[in-house]
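Below is one structure, written out as structure tokens; comments come after it.
Order as written gives the chain letters A, B, C and D; numbering starts at 1 within each chain.
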Amino acid sequence: VATAGMARAATPGDGDPAILELPEHSRGLGQPVVTDGYGKPSKWEANVQRRQSPGLTQTRQASVSFAPLQSLFGIVTPSGLHFERHHQGWWDIDPSRHRLMVNGLVKTPRVFTMDEIMRLPSVSRFHFIECGANTGMEWGNVAVPTCQYTHGMLSCSEFTGVPLITLLELAGADLNKGRFVLAEGADGSSMTRTIPMSLVRSGEVLVAYGQNGEMLRPENGYPLRLVVPGVQGVSWVKYLRRLELGDQPWGTKDEAVHYVDLLPDGTHRQYTSIQECKSVVTTPSGGQVLLDKGFYSISGLAWSGRGKVKRVDVSVDGGRNWRTARLQDPVMSKCLTRFNIDWVWDGKPAIIQSRAMDDTGYVQPSLRQLREVRGTRSIYHNNAVQSWLVQESGEVKNVQVS
Amino acid sequence: QDRFPGIGRAATPAEVKAWDIDVRPDFQGLPKGSGSVAKGMEVWEGKCASCHGVFGESNEVFNPLVGGTTDEDIKTGRVANLKRTDYPGRTTLMKVPTVSTLWDYINRAMPWDAPKSLSTEEVYAVTAYMLNLGGIVPDNFVLSDANIAQVQQRMPNRNGMTTAHALWPGGELKGTTKPDVAATACMSNCKVEAKVTSLLPDHARNAHGNLAEQNRLVGAQRGTETTRPPGA
Amino acid sequence: VATAGMARAATPGDGDPAILELPEHSRGLGQPVVTDGYGKPSKWEANVQRRQSPGLTQTRQASVSFAPLQSLFGIVTPSGLHFERHHQGWWDIDPSRHRLMVNGLVKTPRVFTMDEIMRLPSVSRFHFIECGANTGMEWGNVAVPTCQYTHGMLSCSEFTGVPLITLLELAGADLNKGRFVLAEGADGSSMTRTIPMSLVRSGEVLVAYGQNGEMLRPENGYPLRLVVPGVQGVSWVKYLRRLELGDQPWGTKDEAVHYVDLLPDGTHRQYTSIQECKSVVTTPSGGQVLLDKGFYSISGLAWSGRGKVKRVDVSVDGGRNWRTARLQDPVMSKCLTRFNIDWVWDGKPAIIQSRAMDDTGYVQPSLRQLREVRGTRSIYHNNAVQSWLVQESGEVKNVQVS
Amino acid sequence: QDRFPGIGRAATPAEVKAWDIDVRPDFQGLPKGSGSVAKGMEVWEGKCASCHGVFGESNEVFNPLVGGTTDEDIKTGRVANLKRTDYPGRTTLMKVPTVSTLWDYINRAMPWDAPKSLSTEEVYAVTAYMLNLGGIVPDNFVLSDANIAQVQQRMPNRNGMTTAHALWPGGELKGTTKPDVAATACMSNCKVEAKVTSLLPDHARNAHGNLAEQNRLVGAQRGTETTRPPGA
């Protein structure tokens, strides 16, 4: 399956052969149940895949694959299309041999099996996860053609797990002295990140094993990963083996060399964690072609690491004029929100943008506004308004505007 | 404990020792030991150079680790090249403010294809060697738990970090609560030019593969046939 | 992968070898990104599959496969595990050749391509789908061992599509005369069902193409199916090809011969559509063995075809005494709701039950209460309280109680 | 139309004819035509009997279609056997109240492996034959659009249906709004025996396969090893 032309209802003489000649599926017996005990998408959907961005990384084990946002609906990301970010490759770990240790400022360091963790009271919550480097290629100039590559280090799932605070309390944590938590993975990189205690205390941070109703996928940390809502993906430590309560932050490699944001004066911001309010139009978006003039439903995603999306405005004239879009229920905290707005395309060039606002009142900035404060070399935390140029030919292009 | 009878057990000291390997900026967690630059060169050339280059300069499998720092930086604790927008890359030594970070990371994750295979001495040594490549310690230096705090005082970018921002949730790092960028939601006749300032050149059209094959075969739009020039 | 023993943290002498001897994934380089452009579950999850119930149907194309509820978390059913119900087998239809016709009491009968349907304003909503025959084998006696077979004709997804009312209006529907809608599929069975106009008018009925962020799976009607929230699955016509507005119900085969509920007096109830309020404990549940005494989090699912779940009570003594469980946010209308409640098992026999209540005040009945009104031969719409007996051995059995 | 320019188009009469095949209980949609019992027997034996049995009695691929109805039922329009709890099965003819249902379904879906392959005459004929097997029409009957409404008056279960229930959302069928079963939420010392009245016999333990292989390998519980007897 590769590409296909435009399917319109054929100009009816007698009528469309797709109607007049009954298709074979109307005239035959189909396939039985459980051809697949675990089913797959249609063969016609083979173009909907996660993908690497050519040349972005030097190896494929310290790399990233992007979710095809341009082809997704609603807010749930199918687990098979969840973006990947590995630092030392992914593993499929035997869960019966996996252990979780809690140590540091606790009365007794403790060890848990998966059996034990899964016996504890769990919660299930919908949250987005976004890599801090998402849209990072676009700080300076347009670098990639589609929203898969500009915004595809973004996914959203229903996560199930045990609030981290429950495990800390079980170990007799000293919650006065303990002001930071270190999370550590079991893979080669043994990723370590300092986790904000405020989110632990609020019960938001989860030691999760479930994702979209089943266990986490191996690429996403099976059998255990930390879920740190609103915070960049690197903190959602995969293959989680250990949690340490401490009185100081850890300054780990991914807190001191990467995931630090370079400002124009040569200073790096350290421990930048929150993914600020952001949005992107996914339909239509870069690399697509509109088939025709006429009615379109502009659709996209909005999110905020600080809470709920309150409003999304959409412009089709490059930011001069804006209309407020419809938000799809349920609007959940630190979760993707789907928005839609009607548009009749007159065939003339148009620049489509979306601008989200969260319930703290924060407004997603334009690229200009963002650069005025942070310059163009931060790599991380680019949450600027995205622009898509619809050309007369119907082709949609990734552009930046003044 | 009472609320959840039968769940979890105490970790043994040997277990904690096996896994609690992190080293903090205040060197909590750093095992006693030492390693020389000379030994470090051996380790480096045997176990690291194939990926990172003999001088840590290779960008074959990752960004260069070494380069871009000066003696002046070691004095000020600020890497001057980080201010320059024309400086080509940012090496590890240009960015890393804390020597603990190097020790901890090499110890847990390197060599990339055999992480956690180095002895404590090897980690001290190869860290010393990297510092030496950056001119931070002399050729005859022996890095140890006793002198690492002094070395920290020579890290080129030790003063290069700030937590004065609003992106840490909570007050522990004494950041700000007000976001740095304050946009407003203008709704009509907003003061923008709406001129295109950047877009991909036509010759890069197919650089990410044929976009027609990266979009669904039905829907309100198709993927662009990027194997053909625009409009063709 | 088949079965495995109980994984406890080994009695520590020096310590657990799973900790002391670092696993290979802590000491090596893992697999690259995009090993799978569309990912799969862990190999250790191979037991989590949809399954047929032996002997239930005579063919595998007019049959059902059950979702493994005992292994699922939260409310979203992974699309690969969504239950199947086919009447004449499933197909993987070329969406570019699929058409939807709207006719009957409309100004002009109309034809839409998928391209056109996907251009219209869409909504995305989380809803459960339950077969009217779910739990049907249990009207008289216990017939099957696990909740996969007792309750597994139940799934829940985020559906994306166009409100049917939009298409009717587009065709110039006569909404005074038009009191019923016929939905018709394009497969061999060309399933036809009469759809309640009240749910069409309220905007709840969707002509859906999206499921959990991607397109519907072929087994679930790719590329188009009707979503009729709260109504039994058979009305959610798959491979949807036609919608007809009419002034009378159609009395189709699956409204006159099946999906009719036999009462003790020999009368059948016809056009029984709503799935009434129901719940089931999935953890622990029939066919499982508890590994130990001690703390457990009893967890299950509740739903109502009339609206939101308001409360779920749980009993561990066969219905004598009840405690109110925690409901997991978000609680959505005509959607699964996950509930949890703490329990310390003392090792003695226990009978676990759950009882849901919806926001109309309706209370899920016991089997006795249900049978008193409907007898035992209805086949459809068994929404009775389910009982699981925990034996001293830890074995959990499907039972009915007096 | 105005709100959604460019979306959809009018269906042609030929298109509507090709797809609008449903036949309602009032016979709206029924094409003109006829077919005899004799012709129906031919069709049946050639295209149906292999699955449904020569007399519609087979349960090899589906439940029996014919049987269980009486002349008395044809008079009353109520199938008496449906009242009996000891009657073994429920055939199609016992349940179906409307002859349109048979016509419509055979026309759209049968033969199962070649649906929509029958001519209109064949559908009339084979429907007539099924009715004849049930004693509803005589051997020499020719079913047609002209006499089908009379046949409807002989359907054995034509009075067997009710819509007096609360399971249809909306008032169109004049059902009830109050659910038929009214439970209450007793919370403590509820009046139940809590005695087990039904459970699977031990010999059926493995009838659904080994349940240990139908549960996850970790978690608060395992699947039961049903290849072994209880407690073993």
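Just so it is clear, a contact is a pair of C-beta atoms (placed from the backbone, for glycine too) under 8 Å apart; a residue touches a chain by one contact, two chains touch by 3 or more.
Here the structure is a predicted model, which means the values were calculated and not measured.
Peer 1: Which chains, if any, touch subunit B and subunit D both?
Peer 2: A, C
Peer 1: Comparing A-D against A-B, which pair counts more contacting C-beta pairs?
Peer 2: A-B
Peer 1: Approximately how many whole Å separate the CA-defined centres of subunit A and subunit B?
Peer 2: Here subunit A and subunit B have centroids separated by 22 Å.
Peer 1: Determine the centre-to-centre distance between subunit B and subunit C, using the mean Cα coordinates as centres, and give it in whole Å.
Peer 2: 46
Peer 1: Counting only Cα atoms for the centres, state how far subunit A is from subunit C in Å.
Peer 2: 27
Peer 1: If I count partner chains per residue in subunit D, which residues reach a count of at least 2?
Peer 2: 4, 6-11, 15, 19, 112-113, 115-116, 216-220
Peer 1: Find every residue in subunit A that makes contact with two or more other chains and list them.
Peer 2: Within subunit A, residues 4, 6-7, 9, 12, 16, 19, 26-29, 44-45, 48-49, 51, 59, 61, 71, 88, 95-96, 101, 111-116, 119-120, 188, 190, 215, 223, 241, 291, 294-297, 342 contact more than one other chain.
Peer 1: What kind of graph do the touching chains make: line, ring, star, complete, other?
Peer 2: Basically it's none of the tidy shapes, so other.
Peer 1: If you go through all the chains, which pairs of them touch?
Peer 2: A-B, A-C, A-D, B-C, C-D
Peer 1: Once bound in the complex, which stretches of subunit B touch subunit A?
Peer 2: Per the touch definition, subunit B meets subunit A at residues 1, 4, 6-11, 15-16, 19-22, 24-26, 28, 59-62, 78-80, 82-83, 85, 90, 92, 95-98, 100-101, 104-105, 108-109, 112-113, 115-116, 157, 160-173, 179-190, 192-200, 204-205, 207-226, 230-231.
Peer 1: For the complex, which residues does subunit A have touching subunit C?
Peer 2: 4-9, 12, 16, 18-19, 23, 25-45, 48-52, 59-61, 63-65, 71-82, 84-86, 88-99, 101, 111-116, 119-126, 158-160, 186-188, 190, 209-210, 212-215, 217-219, 222-223, 239, 241, 291, 294-297, 299, 326, 328-330, 332, 338, 340, 342
Peer 1: For the complex, give me every residue of subunit C touching subunit B.
Peer 2: It is residues 9, 12-16, 19-20, 22, 26-29, 95-96, 113-115, 118-119, 215, 223, 292-295, 342, 344 of subunit C that touch subunit B.
Peer 1: Which residues of subunit B touch subunit C once you look at their complex with the stated criterion?
Peer 2: Touch residues, subunit B against subunit C: 3-12, 14-15, 18-19, 112-117, 216-220.
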